[in-house]
Amino acid sequence: METLNILYFAWVREAIGKDGEQIEHPGAEMRIIDLIAMLKEKGAGYAEAFANPEKLRAAIDHAFVPLDCVLGHASELALFPPVTGG
Amino acid sequence: METLNILYFAWVREAIGKDGEQIEHPGAEMRIIDLIAMLKEKGAGYAEAFANPEKLRAAIDHAFVPLDCVLGHASELALFPPVTGG
Amino acid sequence: MIEFRVGADDFDAADLIARLEALGGGAVASFTGIVRGDDGLVSMRLDHYPAMTSAQISTLIDKAMERWPLLGVAVIHRVGLLSPGDRIVFVGTASRHRAAALEACGYLIDWLKTSAPFWKKEVFADGTARWVQARAEDDAARDRWG
Amino acid sequence: MIEFRVGADDFDAADLIARLEALGGGAVASFTGIVRGDDGLVSMRLDHYPAMTSAQISTLIDKAMERWPLLGVAVIHRVGLLSPGDRIVFVGTASRHRAAALEACGYLIDWLKTSAPFWKKEVFADGTARWVQARAEDDAARDRWG
């Protein structure tokens, strides 16, 4: 079974209450935005974290990607707010 | 008698062989370029320093001025090459 | 000299600058970002995405070195809990040309702010805390590099 | 904090940067120019026109502070005999805004190179010596500041 590691950062992590989770890979054709819609149904924390997808950013295997990107055979997806370092 | 202090820097100073000199003020209407032409006649070092006026820069009372500027009632004229600090 | 570090420890900006100066290039530029104590801020926590942070900073340094003739680059970014006055970030560059050193320094800090996965959370004297919001002007600063 | 010095003594760039950092602005930029040992250069002598140097640097700092919101500016320029590896010039700026700190730093060094009356003479291993020639690209760098 192919798996997908999802990582959460900043207020996404705080709302969901965990750093990340491993899920069954939803398929190479699944878009990130559609996966987010599925995750949103997993509970109140998820619903809060994913209430406004336009406030979210994503990285697949350590590279920024738009939310309408498909997962492909990525093994790591990260979901987080726009970065604020520096 | 009004006097004018002339200061020389860098290769202008080296060619003339002195840091500067005090001369009788040649008059408020005298242009720097014309004073340079007069100074050029004072000897071999002067002739060398002032051979190419386009290579010279000037300051009157600590402010850069074009060579066709008149002396006015300046008390200090400096003649030098383009600056190369920093 | 290429040096980048992401970690909780403070760093010695003077030592980094001295090492950049020793490369013989003639021009060293640096930028240091420090936690401001505005609006009653008492602490700041920096989270990051370690594997991606390293990858992004490494890529960023490569791009800067392709674009400008640099003899050295140092990028240090702190994470974890910081207080007002603490250094957050340092970018230092060395080149034979002052424009290259200064421009590369500006490029690196502009890109770091918008493409390295760090997130700041501010804690205030009244007990409130908030995640810092990304600013459009940071994206604009990055975009001027083309 | 406004500090400028012209003199033969070396200076402590780390101390200057630490003092700029302590102003609370959050952003400190610096540029250091160092004597390069290219082409067998063994020493460099910097002459200047003391009264005018002070006036020009002071004016330059005023202009930078009018143009950018700076909390601090330090400009140090050495004169006299220098060797490869020695620092010649330092410009440091502190601001609440990184763009202001970096731009003001670039502005100050570009203007210093073209409007402060310093002249460099290089001495080489073969005994020859020559006055450094002004470069058109330095004027161009200055002119981009408008």
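Here the chain labels run A, B, C and D in written order, and each chain numbers its own residues starting at 1.
Basically, contacts are C-beta pairs under 8 Å (C-beta built on N, C-alpha and C of every residue); 3 or more make two chains touch, one makes a residue touch a chain.
These numbers come from a predicted model, not from an experiment.
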| item | value |
| --- | --- |
| Distance-maximising chain from subunit D - centres being C-alpha averages | A |
| Where subunit A and subunit D are represented by their mean Cα positions, the distance between them in whole Å | 49 |
| Gap in Å, rounded to a whole number, between the CA centres of subunit B and subunit A | 73 |
| Between subunit D and subunit B, distance of the C-alpha-averaged centres to the nearest whole Å | 26 |
| Subunit D, residues touching no fewer than two other chains | 33, 98, 109 |
| In subunit A, residues with contacts to at least two other chains | 86 |
| Every chain pair in contact, whichever chains are involved | A-C, B-D, C-D |
| Subunit D partner contacts - residues on subunit B that touch it in the complex | 7, 9-11, 13, 59, 62-64, 78, 80-86 |
| Interfacial residue positions of subunit D with respect to subunit C in the complex | 13-14, 17-18, 21-22, 24-37, 84-85, 87, 96, 98-99, 101-102, 105-106, 109, 141 |
| Subunit B-touching residues of subunit D, taken from the complex the two chains share | 33, 46-49, 51-52, 55-56, 77, 88-89, 109, 112-121, 131-134, 138 |
